[in-house]
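Encoded as C-alpha cells, the structure appears first; notes follow it.
Order of writing sets the chain letters: A, B, C and D. Residues in each chain are counted from 1.
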Amino acid sequence: MSDELRFPTGIGDSDADHITVLGKDLAGELMGRVGFGELAFWLVAGRRPTPGETRVFEAVLVALADHGFTPTAIAARLTYLSAPDSVQGALAAGLLGGGSRFLGVTEDCGRFLADAIAAHDGPPPADDAGWDALALAAVTAARRERRLIPGLGHPVHKVEDPRTPVLLRIAEEEGLRGPHLRLFEAIGRVHPQVLGRKLPLNGAGVCGAALADLGLPVDLLRGFALLARTAGLLGHLAEERRRPIGMDVYLTVDRNTAYEPDEG
Amino acid sequence: MSDELRFPTGIGDSDADHITVLGKDLAGELMGRVGFGELAFWLVAGRRPTPGETRVFEAVLVALADHGFTPTAIAARLTYLSAPDSVQGALAAGLLGGGSRFLGVTEDCGRFLADAIAAHDGPPPADDAGWDALALAAVTAARRERRLIPGLGHPVHKVEDPRTPVLLRIAEEEGLRGPHLRLFEAIGRVHPQVLGRKLPLNGAGVCGAALADLGLPVDLLRGFALLARTAGLLGHLAEERRRPIGMDVYLTVDRNTAYEPDEG
Amino acid sequence: MSDELRFPTGIGDSDADHITVLGKDLAGELMGRVGFGELAFWLVAGRRPTPGETRVFEAVLVALADHGFTPTAIAARLTYLSAPDSVQGALAAGLLGGGSRFLGVTEDCGRFLADAIAAHDGPPPADDAGWDALALAAVTAARRERRLIPGLGHPVHKVEDPRTPVLLRIAEEEGLRGPHLRLFEAIGRVHPQVLGRKLPLNGAGVCGAALADLGLPVDLLRGFALLARTAGLLGHLAEERRRPIGMDVYLTVDRNTAYEPDEG
Amino acid sequence: MSDELRFPTGIGDSDADHITVLGKDLAGELMGRVGFGELAFWLVAGRRPTPGETRVFEAVLVALADHGFTPTAIAARLTYLSAPDSVQGALAAGLLGGGSRFLGVTEDCGRFLADAIAAHDGPPPADDAGWDALALAAVTAARRERRLIPGLGHPVHKVEDPRTPVLLRIAEEEGLRGPHLRLFEAIGRVHPQVLGRKLPLNGAGVCGAALADLGLPVDLLRGFALLARTAGLLGHLAEERRRPIGMDVYLTVDRNTAYEPDEG
C-alpha cells in the first residue's frame, strides 16, 4: 500500500529502539541538551537556532506569556470551573481567544513589516534615513487606505511599552536587529508626521518584528504567541486551583444581570 | 467597588510604565534572563526553579513535544485544512485530544506514584529494597483491583523506551532522582513477579514521575504534556503549510468509505 | 485499495447526483419533511424517532438550551470579544465548559438510573411501591459510598424545578414515562428517608432520565446537552454583537484585580 | 452595586420558581410547545419565527447537518479516540474546522448577496431581468477583482447540487423566496457569460441565501452551519462508539508515514 499512500514528515519517527525528532535521536541528542524554546523554534523553522536566536526567541515567549486577567485567561478559568475534569478543554478555551483582537497584533505587525519590505524595490536601506523613508511610505499608504498600523499604541502603556526597548536591546546584543525591527523603529520615528500624534511601539508588535527577523514564517507568528500564552494559561489554572476566582467572576455577572427584552 | 469585589492574582500586573510578572519586572528582570521553560515552571509552581530543576523540566518537555503523526497531530492538521484562517483553532483541536488515553499517562503515573507514597506509613524507604517492597505493595493492590499500572508498557518500544534511562540519568546528575522516580524504577524491577511478564517503563510515565519529583501539582501534570505538545503541534502546522498531508488523509478516508446501514 | 482499507459509515454518502443521509435521499426525503431535532435523534440513535419521541426529545433540548449568563456563556462571549473573526472558536470555548460540573448532571443522572435498573434482578417493578423499593436501595447504596445522587437539588430552585413536572407530564402524554423517569420520581419520594431532608428533582436530571427512556446511549447524553447549549450559545453571540457585555466583564475583573504574591 | 455594574440580557433569567427564556416561561410556554429549531432561530433573531420560516430554517439545518467523513468529522473522531472522557472536546474539535474553507461558504455567500443588494440603488428589481442585471454586475465586479463567487461549483455535484432546487421550492412554498435567493438564482443564470463555463449553485450557498432571506444576521450565518454540524458530529461520535474508524485512520497514516527531512 506504501506505493499508493505516503504521508511524509520531517518531524518525528520511531522504531522499537529509537525515537527520532527532527532527524536527531531524541533520547541521546536532544533530551537534556536542547532547551524547550530552542526545540520549539527548530520544530517550526526546520533548522536549529543559534544561541543568539534562541535568546531572542525565548525573550519573545517570555514577553508574551502572560498579561494577567485578560479575557482569554478569564475564559480559561471559567471553563476550568465548569469542567475541572478536562484541563485540555480549559487550555483550549483560553487559546481560542488568541485571534485577531488580543493576540493577533504580533502576527499582523510581522506581516505588515514583511509586506512593506517586500514592496520595496532595490537593496534594503543602508541607514536610518533610508528606513525612515520606507516607513513613511508604508504608514502613508496604510493611512490612505484607512488601515490601522499594527504595533502602534497600547491601552495601558500610553507613552512607552517597557518591553519594546528591552527586546530591541537584546536583538542588538545578539546581532539580530534585522530589517523588520529596523523598519518598526523607523515607524516609531515617522508616524507622528502622518498620524498627527505620537503613539508607543507596543510589545506585541516588537515581538512580531523580532520573530520575523528570526526568519520564522509570518503566517504562523500568532502560533508563537499561542505557545507563550499556553504557559501563562497553565499558570492561571494552577492559581485557580489554589485561589479560585472563576466562581466570583460568574457570581458577579449573575448578581448584576439585568433582564431586558432584546428584539434583535 | 474594590471593597466588594476583589480578584486576587500573583501572576501578572501592570501600570503605565511597568509590567510585573510573578513579582518581577517583566522587561528588566525576566526578558532575556529567564528561559521560557523556566518561566513556565515558575508560573505553575509559584517559585523559580533551580538550574538543575530547569534542566530536568525542559528535558521532560522535549521528551513529550512530539510523537510524529499521532491522532492529535492528524486532527490538528485536518482542522488547519478546514479552517486555515484560525491557527488557534487548529492548535486547540490538537490539544483537545490530550485526554485520558494519549496524553494522560504522564499525569496518571505521577498520581499513581504520589498516592502510593502517601499511603506509605513511616519515613520513606532508605534503600532499593525498601522501594521494592513499597512498589510490590502498590502493584499488587492495583492488580487485585484490576487497575492498570500507568507507565508500564509501550506499543512500539516493547523492550525499553529510550527516553526512560536518559531522563533517570539527567535527574540523577541534577540530584533530583526523588521518591517518585525511585518508586517508578522499583515498579520496573518488581512488576514481573506480579504480572508474570516484564514490561518497559515508558517515557510518558517517567516524565510524570520526574515532574512529581520536581514538586509540581499532580493534578496539572497533564498540562505540561499539553504545553510540550503545543510546540509539536506548531511544528506540524508549519510542515502542513510546506508539505500538506491533511487533504491526502481526508481523501484516503473518503475514497475508502463504505456506506453500510448502522441501526444503532 | 478498498480491499485493504475500509471506513464504514451509515451516516452519509454522496455521488454526483445524490446525497444520502441515514439511507434516505437528503434532498427528496429529508429536507422540509424532517425536523432538525428529529434528525439529531436519528443521527445518534440510528433509527427515526416517532412523533411522540420527537416531542419529548425537543422538549429536553428546549429545557437545556439556555440558562442565561452561565460560566460557559460568559466564556463564549469573552472569547468572541478576543477573536470576533472566529465564531467557531467562541462556540467551541463555550461548549468546552460542558463538563462534569455544569452540563454533566444530565448524563450522570441518566447513568445513575440506568445502573440502578441494570443492577435490579427480575422484572421491572409493577407499581410505585416497587419503584420506591428500588429507589431506596439505590439512594442508600450511594449514601453509604458517599456518592452524590445526581439530579437532586438546585442552587436556585430550592423547592421545585419548574421543568421537572412539565417534562414528566409531556412524557406521560406521549406514553414515554418509562423506567428511568419512574425511578427518578421514586427517588424524589424516598430520598428524604435517607438524606434526612427533601431536595427538588432538578431539570438537568429529569432530562437525563427522559433521554434514557428514549433509548439514547447513556454515554452520550452529555452530547444532547451540548447540542441544546449550542443554540443558547449562538443566542449569546448574537446578543453580544448587539449589546456586548464581554468587555464590561473583562474590565470589571481588571479594575478589581488585586496583585498578591502566591507562593504556590 | 447594581448602579455601577449591569449586565443586560434578553435571553434568560430565573428565580426560585420560574425560568424565563426570551421573555416566556420556559416550563409553561416553551417546553413541548416550541420546536428546537424554532427556539434556535428565536434565540438568535430575538423574535419568534413563523411556521413557514421555521420550516425553511429547519430544512437548512437538515441540509447542512452532515456530509459523511469530512475533515471535521474525522478530526472529531480522532479526538474522541484520544480523549474518550471528553465528549465536549471531541465536539469542539469538530466544530473548530468550521472555518473559511469547509463551512464558510454559507456565510460567505449570504454576505456576498447582501453586499450586492446593499450596493444596488433604487427599489429591488421587479422581475428576473432586473435580478439578472444585478447579478451580472456583481459577478463581473467580483471577476474583475479576482474574487471567487461563493456558492458556485462543487467538487462532487458538478452539474447540479440536489439540495439547491429543493430548498428553493420549499422557500417558494412558504412565500420566503426573497431577494437573496432571487439574486442567487440569477447568478446561476448569468455567471456563464462572465466565467465562460456553467457551474452549479451549491447547497451551502443556497442555504446562506435562504438564511439571509429569513432576516438572520449575515455575520452569524456560519453559526447555523455549526449548529447543524453539531448534530452531525454527535452522530459520528455515536457511530464511533459502535463502529470505530478513528484507530484505523490513525494506523493508516502511521503505517504509511515516510520520514523525510524538511529543512523548512
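Just so it is clear, a residue touches a chain if its C-beta (ideal position, glycine included) is under 8 Å from a C-beta of that chain, and two chains touch if they have at least 3 such contacts.
Remember, it's a predicted structure, so these values are computed and weren't measured experimentally.
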Check: In terms of CA centroid distance, which chain is the most far removed from chain A?
Finding: C
Note to self: What rotation angle takes the CA atoms of chain B onto those of chain C? Round to the nearest 5 degrees.
What the structure shows: 180
Notebook entry, point to check: Looking at chain C with chain D, do both copies bring the same residues to the contact (over half shared) or different ones?
Noted result: same
Item checked: Chain centre separation (chain A, chain D; CA means) in Å -> 31
Note to self: Roughly how far is chain C from chain D, centre to centre by C-alpha average, rounded to an integer in Å?
What the structure shows: 23
Margin query: Need the CA-centroid distance for the pair chain A / chain C, whole Å please.
Written below: 38
Check: What parts of chain A, by residue number, touch at least two of the other chains?
Finding: 1, 5, 7-11, 13, 44-46, 68-69, 83, 85-86, 88-89, 92-93, 96-99, 103, 238-239, 242-243, 245, 249, 252-253, 257, 262, 264
Next item on the list: Spell out the residues on chain B that touch chain D in their complex, using ranges where they run on.
Entry: 1, 4-5, 68-72, 74-75, 78-79, 81-86, 89-90, 92-93, 96-103, 238-239, 242-243, 245-246, 249-250, 252-254, 257, 262, 264
Check: Which part of chain D faces chain A closely enough to touch in the complex?
Finding: 1-2, 5-11, 13, 20, 23, 44-47, 83, 85-86, 88-89, 92, 96, 252-253, 255-264
Checklist line | Contact set on chain A toward chain B in their complex | finding: 5, 7-19, 21, 25-28, 30-32, 34-37, 39-40, 43-46, 55, 58-59, 61-63, 65-69, 86-89, 91-93, 95-99, 103, 156-160, 162-163, 165-167, 170, 203, 217, 219-220, 222-224, 226-228, 230-232, 234-239, 241-243, 245, 248-249, 252
